[in-house]
Amino acid sequence: MELTVYLAGEIHSNWRKEIKDLATKQNLPLQFKGPMENHDKSDKIGEMILGKQPSNMLTDEAASSINNLRTQLLMKKSDVVIALFGEEYKQWNTAMDASRAIEAGIPVILIRPEKLHHALKELANKAQVVVETPEQAIDILAYVFAEE
Amino acid sequence: MELTVYLAGEIHSNWRKEIKDLATKQNLPLQFKGPMENHDKSDKIGEMILGKQPSNMLTDEAASSINNLRTQLLMKKSDVVIALFGEEYKQWNTAMDASRAIEAGIPVILIRPEKLHHALKELANKAQVVVETPEQAIDILAYVFAEE
Amino acid sequence: MELTVYLAGEIHSNWRKEIKDLATKQNLPLQFKGPMENHDKSDKIGEMILGKQPSNMLTDEAASSINNLRTQLLMKKSDVVIALFGEEYKQWNTAMDASRAIEAGIPVILIRPEKLHHALKELANKAQVVVETPEQAIDILAYVFAEE
Amino acid sequence: MELTVYLAGEIHSNWRKEIKDLATKQNLPLQFKGPMENHDKSDKIGEMILGKQPSNMLTDEAASSINNLRTQLLMKKSDVVIALFGEEYKQWNTAMDASRAIEAGIPVILIRPEKLHHALKELANKAQVVVETPEQAIDILAYVFAEE
Amino acid sequence: MELTVYLAGEIHSNWRKEIKDLATKQNLPLQFKGPMENHDKSDKIGEMILGKQPSNMLTDEAASSINNLRTQLLMKKSDVVIALFGEEYKQWNTAMDASRAIEAGIPVILIRPEKLHHALKELANKAQVVVETPEQAIDILAYVFAEE
Amino acid sequence: MELTVYLAGEIHSNWRKEIKDLATKQNLPLQFKGPMENHDKSDKIGEMILGKQPSNMLTDEAASSINNLRTQLLMKKSDVVIALFGEEYKQWNTAMDASRAIEAGIPVILIRPEKLHHALKELANKAQVVVETPEQAIDILAYVFAEE
Amino acid sequence: MELTVYLAGEIHSNWRKEIKDLATKQNLPLQFKGPMENHDKSDKIGEMILGKQPSNMLTDEAASSINNLRTQLLMKKSDVVIALFGEEYKQWNTAMDASRAIEAGIPVILIRPEKLHHALKELANKAQVVVETPEQAIDILAYVFAEE
Amino acid sequence: MELTVYLAGEIHSNWRKEIKDLATKQNLPLQFKGPMENHDKSDKIGEMILGKQPSNMLTDEAASSINNLRTQLLMKKSDVVIALFGEEYKQWNTAMDASRAIEAGIPVILIRPEKLHHALKELANKAQVVVETPEQAIDILAYVFAEE
């Protein structure tokens, strides 16, 4: 058995690499998916493919239609979502992705610093497990495979 | 035919009253639902019912378990969601509610100031209509009932 | 028991009125829903509510986002769809609405002139009944209520 | 990860080959499905298997029952649909296939010449991305697999 | 609370009237639905509405497309199905209706003479309750409403 | 808006009456459903309707097929489940009903004495809110309707 | 791509072998599933595993609970059902299996002699294709894989 | 074809090993999943990963959130559940897991000593097959694969 894990959350820090390294170290049969991590490409993919757009909002709309296609296809193939909230940025995408997963019956492991708990309390209550670090998230997935 | 509308979003301004007044003025057969708008009660409802909790995080968890029950029951009875993003607060609840509705097949009308569009672009792409004011949201619902 | 009927198809002829009159004459407990039949309003509703758009395509996109909201809300409340194809116009909306209904488990009565059958053959095969006139469609719904 | 792509649309031009060649050139892990492209066989498959039918309409019905079986089986195995509209033919099948996919939660990339946008505006609004060329459709799928 | 009961089974005996009378006698808040009980009309409804058909098989197909529309609409509004098997006729419709209900999550009360049990054993195992008489079926529904 | 509440749990104490009285006192628009509370009738309903059974196990099977029909019909009409665990009896039915509700997307309010928490910990984690008394359960439902 | 085909219908003739041989001859990537074809074992499997039962009806019930488990598991893995009706036996199982498949969205190819069409007309109308011979059924599946 | 079997039930006896050995002996293509069988680890996994908790109840909640994640992921990959009830312990988890599986359309084979039948009668009625020993459960799964 192998599990596919969607990594939802900001693309400015290297937390995904950290998670993947931890999984490799523990030899876990996990496959990881996630959004485009090249921020510039993620913002400009609409214009890159569909051509120059008449306004910033339309540039955003073009990019988001393609980013959302990617997320939809990858999340449908995922068994579990790890969603990380950090202290910067609005991160409405992260909340959207986590919520969509929960509604679709895909369990979510939420990683957030405790100081954000109040603002995230309803999402935390819906998440299956709430942790503070990538190590904890990976330890939980290791437990899913553990035989004793 | 009557439609039930869930009003997702911040509870610090009076936008819900504005929406309800506009609907009344146009005589629209709309019933409105939404979260507890008394902020203090919303934050303390866990302790009010379940008693004193050992930490802030547990106070939050107690409150959110009850707030989420309310949202789940009311959203399931709703035909459409109007989700409003303002310029303050983290508003992760709003993103969570809008996303849950979309995943469940309930269409979302998103109200946000244009300057927030970039940060909301993926959610905007998933929403059925994106507007800037409560008036526009109500005009759209009026159109659903219009015969000519 | 009352049935709600969504009337999908062109908005240039008066076939919907014909259907409603036939239902009234037979005293059938049917409630009818359908798209905005004022063609001009249907095409311009986006600009009417959201304001002037920078191009024809964006005017169309604004209108269609609102028309689709209307269709989604009304079709979800419908028990059965009558879809009419005439000899003019592209009528891709009609094909889209009929197909969406079928996929969602809402049965479709298809009205089309026999000469269009070849081009409609796959949709006709998916429809629950295929007829040529509004009278036949209403006679079928009358049969659903008939006791002997 | 491999994605299965259903190619919905007319079977008179060679756009499917173009798409497959573009995917091969980019080495994308895509598997393609689609309708029977031999037009004559597609129209006559009913009589070929079930025998001579008493009328043109029944010949069509026989063929469409088998074509629809094929589409149902192949679309259920597909992750994404590319639907192409050209300037000829009624193409109601294409609208039907695209709409069915959307309703079933399979995202659609719509390819159409801009001049058809008005007639397709509601379907375009429901599609996840709207483009003008097969190259753009394939570039979008390439982006789903891109790591940076 | 009122329950809607679909009565599936042969239309040659008066078992439906018996059931309805028993419900009336016990004052149960039940609404009954079922197929067209006028056998001749049920067989000829296709030609009555769609006109003369070129063969017996097509007369049957025309009738069944309309009978199935009726069944689909009425069963979707039903909370529970009572399916009765008698000693005559093939009754494949009854098996089809009962099985469809079970698959759709609508519980089935099966009425059959014990001597038919062997041939019906797989369907009996899927039914929620198996009885021998209409009285027993109604007693079971009375129990659903009983307070003590 | 009215909510229908299924009361799952033992039928030996009067906790259901207590809940209903509390709801009446607060004037809450709640409708209550639940199992047959006459224990003897609940155990013997199979033989009462289907006749003498050849063994205790078959008496049980006859009764449970009818009790399960009742539960299935009533729970499908319910918006929320209150499940109470007491200190006596095996209460596997209560666990079954609560779990079925959760899986079907119906939120559960779990009432149990804290000393049972360890044995119930996985079910408690799946419940939407966990409380100790009927008063708390009703206070939570009152909050769902509260406007301020 | 490989398709899994469930073969529903009587177990007294060798039609399943005929179908499998035809598929082998055409080299079709089909995997076949079906009920236990050893009639005696199918009827006695309940007693073989659960021990002597107190009556014929309970012997049947024991067997059917196990046969239904088999059918449920195998049909869930199937893409398409071929259901054959012959001129003997009641064949209520076949009607049940075909109907369950249709309701679950699995298309059915119905094989029956034309003389049975009248009694099967509603099921025939729900089936995706209706044929008279195993050869025709296999030719249809061959068409699903055909590239030209 | 391979089937995945989730083994729900107590983790204090060696019944899972017995089942696996029987499957191996019969060479059945079965893959087994189940809960963490190390009781101590199962109870303490919350604190092991999330750190010391302020109360027993919170230690339980932490553990159960992780155990439930495991069960959800593994059960979703399972085709069938074997649920065993023994004479000790409350076993509410087992009832919860069996019920969840049934509601999700995963058939359950229930193993229990006959003396527990009365308390389990509603769950037994919902299970697809009820047996007394692991041997019987495995014989039933062997029958699913048997060709004659």
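For reference, chains read A, B, C, D, E, F, G and H in written order, and residue numbers begin at 1 within each chain.
Here is the rule we go by: a contact is a pair of C-beta atoms (placed from the backbone, for glycine too) under 8 Å apart; a residue touches a chain by one contact, two chains touch by 3 or more.
As the structure is a prediction and not an experimental result, all values here were calculated from the model.
The chains touching chain C as well as chain H are A, B.
Listed options G-H, F-H or D-E contain a single repeat of the A-H interface, assigned here to G-H, on the basis that more than half of the contact pairs agree by residue number. Note on chain placement: the centre of chain A and the centre of chain E lie 50 Å apart, centres being C-alpha means. For this pair, chain B with chain H, the centres built from the Cα atoms lie 40 Å apart.
One finds 38 Å separating the Cα centroids of chain C and chain G. In chain F, the positions touching at least two other chains are 65, 68. Those residues of chain B lying in contact with chain C across their complex are 1, 3, 79-80, 105, 107, 109, 128-131, 136, 139-140, 143-144, 146-148.
Contact residues of chain B toward chain H in the complex are 54-55, 58. Of all the residues in chain F, the ones that touch chain E in their complex are 31, 33, 36-38, 41, 45, 48-50, 65-66, 68-70, 72-74, 76-77. Of all residues in chain H, those touching chain F in their complex are 56-57, 60-61, 63-65, 67-68, 71, 85, 89-93, 95-100, 102-104, 114, 117-126.
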